[in-house]
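Below, chain A partners chain B and then partners chain C, in two separate complexes.
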Partner chain A sequence: MPVLSRLIPVLGVIVVATVVVLTRGAWLPAIGHALPAIWRIAKVTVAEARRRRVVQAVIILVAVILFSPTFFSYRSPYEQARTLISGGLAAIMVFGILLAIFVAAFLIPHEIETRTVYAVLAKPVRRFEFVLGKYLGALIILGVIVAVMTGVLVLVLVLQDKIVHDLPDSAFNPNLGPVLFAAAMNYCALAVLTGLIILISTVASTTMTVVSAFIIWAIGSGQTFFHDLAERASGASRVLLLVLYTIVPKLENFDFRNEASNFMSMSYVSGWHAVLQGIGYTFVVLLVAALFFNDRQV
Partner chain B sequence: MRGYRVSRWLLALLGIGVLMLLVPAQESIHKARPRLFDPNRKTRTTSGLELGPTPAVIASLGGFRTVAADLLWMRMERVWDTGNWWALLPLLDAVTQLDPNFILAWKVYGWHCAYNMNAESETLLDRKYWLDRGLEILRRAVDVNPKSWEMVFELGWTYYDRAHQPYRAAEYVRQADELPGAPSYVTRMRYRVYEHIMDFDRLFPELRYALSRHKDDHAHQKLVKRDLEWWSKVRDDPREHRRQITIENTARQQRALPFWLFPDDPYWVVCPYDGLPSKKGSKVCQACGRPLPASPAGPTSEPLLPG
Partner chain C sequence: MENAEIVLQIEGLTKIYRSLFTPVGVRAVDNLSLAIRRGETYSMVGPNGSGKTTTLKILLGLIFPTRGTTSIFGKSISDLSVRERIGFLPEDAYLYDCFNGEELLDFYAGLFGYSKKTRAELTEELLTLVGMQANRRVPFRECSKGMRQRLALAQALVNDPELLILDEPTSGLDPAGRHQMTRLILELKRRGKTILLCSHFLAEVEEVCDRVGILYSGRLVAEGTLSELAGEPTEVLITTSKLEAHVAERVAQHPAVLNVEDETVRMGRAEESQVWAVLQAIHDAGGQILEIRRPRPTLQDVFVREIGEVRE
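Presenting the complex of A and B:
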């Protein structure tokens, strides 16, 4: 098994390098044309989201985070810090996931249902550019939302650190560095999930996409469960579980909320590995999304 | 059209190649976060699914275990105020299962069993059960959080203060002292565990070690110097020996634990029935009048020396 596990990435390098060399005549000119088109579609997507008043959801969360310190003022400084950090980061994740699902799931199906996609595709825009543009637009919206929410959480933590009087055995620790890192990792998880939602939305209806997105989120959050099951299983079921484990988005890789709220040391290196892994996974997902959308009768 | 077909297959191949490239990245994540991904880790999601309460199942699927633990912890605080101590146990169990790194929850859970439930028990069997359960909970907590000096010290303290097993306590206190962030009182605890049992062979080296640590902490230096001077002065004082024997065995009696018999004490022989000291060479206990054994061997709560 160790030999095989070393052979897989080597084979991967060979395959990727071969494909890149074989198709160099196609993708080099395509990039030059695609980037402006993708950016234009992303800007339109952001403008549409602003019209749909997505920001209102953020305002609600910001209000909750702002007032939350008063809910826990009777607790010890350590407990206050822990609850604020875990609750704040979880709130960012929950609202982020809800927004990612309800923004990304509507992007492509809505364009098809309102037939605006015909007007877009009639212009010199390729289908993969359309998909990537929509994805980039969703990323920008989520980025702004996560940044605003994280900013408010950090502000609340800094203010609480000034207000709360530390006790001899219990201190308020705002833990800002790990909180920012965990929030950034939250955003990366949302980016991976959004890519997958875009993929589903290229072949399914809006309702189906929303339902599937929730299921994927649940499965992706339980990757260690599949990993454990695969470790214990044998034969065909082990192979099946390993395939399932490889396919599901590994959202737990990005989950550093527990470390941040328990004031534990952070494995920043594994964070960067998770980001690299997420980029690769999202690349494949968007590639498949582009292929599906290319074949769709629109 | 032909070119398009070829490129589509090539793109599919590219996707597979990239997925293959991701395998080592995932493996390195597993290695970097053994607490979460190691197959032999102490906390498994599956154990939560098999043994845990319903909230553990729900939360483990959603990735919001920490928040669920916080909510249950708040619920636990409310139940605490009602005085229903039995109802706290499943809540504390759920909290520690949901968030095994919640140190305060582990400490309260272990303390609640080893102290409160132990004190509430009416039979010796129950007392022993709750003390053992409290220690077992704290040992589990140390397994999951081996780098937390607070957790390791809590286990050492419970062995020292509640179970009166000084040598086991000494092992954990030493471990806690070697972990980063341990304050000076943990270092002082290294010698305090030997005070009541008057194991001078270990007490004095630990006192000297404590003096060599925390040089900038004036309070620590003052306390250790005071203790070193005190023990140097009273090491061979029979009255101090008698005082320490009485303190230790009175505490053991209150906790319904076997007496410490101080077999090597040069001045006193300890009665195995009431734990009180009589002058060396006495045939009967000067307190209860029962005959004293010729050999000092007898029941203690642990082996006299660590294995």
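Presenting the complex of A and C:
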């Protein structure tokens, strides 16, 4: 059964890839024009983020945070591994989300404010291509950040494993597979959240977008609590809470920190379900964002 | 040029900005209609808030009209094939400052789907055209205002556009920079580009434009070629050597002479024979004639006159 649950995500990817390849005749010409434009806009988004150096600063900060627990003393190597993994994944998630919020919330408003969007939209670029390009750029930035932070965490775990390996009674388990899976799921959560932030930024001010993003993060990360709260409420507040519960992405479903840090067996199937739901959700969210931006006066 | 194909057409364009605080709205453009023909250089001039930039933004599809229509090459701007044939230079050169000149041009050329080789050739050609080869690797944020404007013009030319829309191309430039930009626009005009230009610098407009539209409060208050707008010369100015007092007095008594000041004899709309008579009188009195001019009103004069009339 564990083997099967590990195979399901792989089989899913193969099925999706096969469908994409087999139906290329239908979608390839339609997006043939869009892809270069989307890619160019994504590249300029990444270049702008690099210049601001916020990303580099956050990576250095997180690296320091990830390394710092190695200097503490622990009751056992097991406890040490548990703390390193749990703390490391939490740091990746928190800083990833903070960066996702601050990168995504400013992407489109900044272009409008600095009027760089004028010269781009005067070229043969459709507005949905612009939105998708911005989203792809944000995904690349966040991907690099999560990859670097995960790399640092893996390095910390491997080094620590080497240090304590020769000690008597060593039970240090870097648990690398589940850690990588949890980090990847973390990235998927960021991708979903980023899509939603971009949607909000097409209609709201930057401040409003940032505030909304924090609220969504809070609701999305505590879905179970939020659902219970909605069940206990009555009247209009119940309706409002249930609507929010329904439309806010269930970021909780992407959280595998507990399984990875407590050496529990990973539910890859539920991870795969979360990814599929996330893709569907993000597709709809970006579609709406493109429609809103299409009607926006810049 | 009158029979040439219409490249850009605006019909009954109105734009009203409404907000919570101004439910009635602010009328930025009011029933504007104009047409620009192939190869023509047309300038929209007007004071701040006259609707020039709003009109350009509507033309480019950045904002949407309240009423009226615009078309470029007979199609809507939402048609991608239109945007493949136009170039736009935004006011104040709003471009990505994370790039240098070379990277900027490569980026904008990439939006047209050009291959790497074509992009490299275009970049080289355009950097040469705008005189930025030596500064090609200077980051845009470190470029002077003049360099930025030249790069902004270069990005507008990456697709070798048939129609160029230039919004205040010389804004913020020093006299040398303005002169350089004017030379570039004249060169593009010589290459047969159709140009729509918005500018505050009327002398530069006068130098490059075939036709001018004067906008005030969103309305087109006057339109035509410079000579149509300026009308016929209304006076004759004769510059002479210093005239002795009694000579100046005698010349001033001529019915066609309005006045004599220092070394200038000013005549009204005089017939040729009357001008000859005055010249003869000056000559007979021993005066030396240095110059004879029939000056036309400048665009500045026309602008002040038209705006003044509308205000009244």
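The working rule: the second predicted complex is superposed on the first by the 230 of 298 C-alpha atoms of A that agree within 3 Å, B and C clash if a C-alpha of one lies under 4 Å from a C-alpha of the other, contacts with A are read in each partner's own complex, and residues count from 1 in each chain.
Convention: a residue touches a chain if its C-beta (ideal position, glycine included) is under 8 Å from a C-beta of that chain, and two chains touch if they have at least 3 such contacts.
Bear in mind that the values here come from a model prediction, so they are computed numbers and not experimental data.
Novice: One more residue to check, A:T116. First (chain B), second (chain C), both or neither?
Specialist: second
Novice: Which partner does A:P124 contact after superposing on A: first (chain B), second (chain C), both, neither?
Specialist: After superposition on chain A, A:P124 lies in contact with chain C alone.
Novice: For A:P36, decide between first (touching chain B), second (touching chain C), both and neither.
Specialist: second
Novice: Does chain B (first) or chain C (second) touch A:V16, or do both, or does neither?
Specialist: The answer is first: A:V16 touches chain B but not chain C.
Novice: Contacts for A:I60 in the overlay, against chain B (first) and chain C (second): which applies, first, second, both or neither?
Specialist: Touch status of A:I60: no partner.
Novice: Look at A:G87 in the shared chain and tell me whether it touches chain B only, chain C only, both, or neither; answer first, second, both or neither.
Specialist: Only chain B is touched by A:G87; chain C is not.
Novice: On the A-aligned overlay, A:I163 touches which partner chain: chain B = first, chain C = second, or both, or neither?
Specialist: Neither chain B nor chain C is touched by A:I163.
Novice: Touch test for A:Y281: chain B only (first), chain C only (second), both, or neither?
Specialist: first
Novice: Give the label of whichever partner, chain B or chain C, reaches more residues of chain A.
Specialist: B
Novice: Taking the two structures together, which residues of chain A meet both chain B and chain C?
Specialist: Looking at chain A, the two contact sets are disjoint.
Novice: Write out the stretch or stretches of chain A touching chain B in their complex.
Specialist: The touching residues are 5, 8-9, 11-16, 18-20, 22-23, 26, 78-79, 82-83, 86-87, 90, 93-94, 218, 221-222, 224-225, 227-229, 231-232, 246, 250-253, 255, 257-259, 261-262, 264-265, 267, 269-270, 273-274, 276-277, 280-281, 283-284, 287-288, 291, 294.
Novice: Report the residues of chain A in contact with chain C in the complex, numbered from low to high.
Specialist: The contact residues of chain A facing chain C are 33, 36-37, 40, 43-44, 47-48, 50-51, 114-126, 295, 297-298.
Novice: Would you mind writing out the residues of chain B in touch with chain A in their complex?
Specialist: Those in contact with chain A are residues 7-8, 10-29, 32-33, 36-37, 39, 44-46, 49, 60-67, 70, 73, 99, 101-104, 147.
Novice: Going by the contact rule at the top, pick out the chain C residues touching chain A in the complex.
Specialist: Touch residues, chain C against chain A: 57, 60-64, 80-81, 83-84, 86-88, 90, 92, 94-99, 107-108, 110-113, 152, 155-156, 159, 165.
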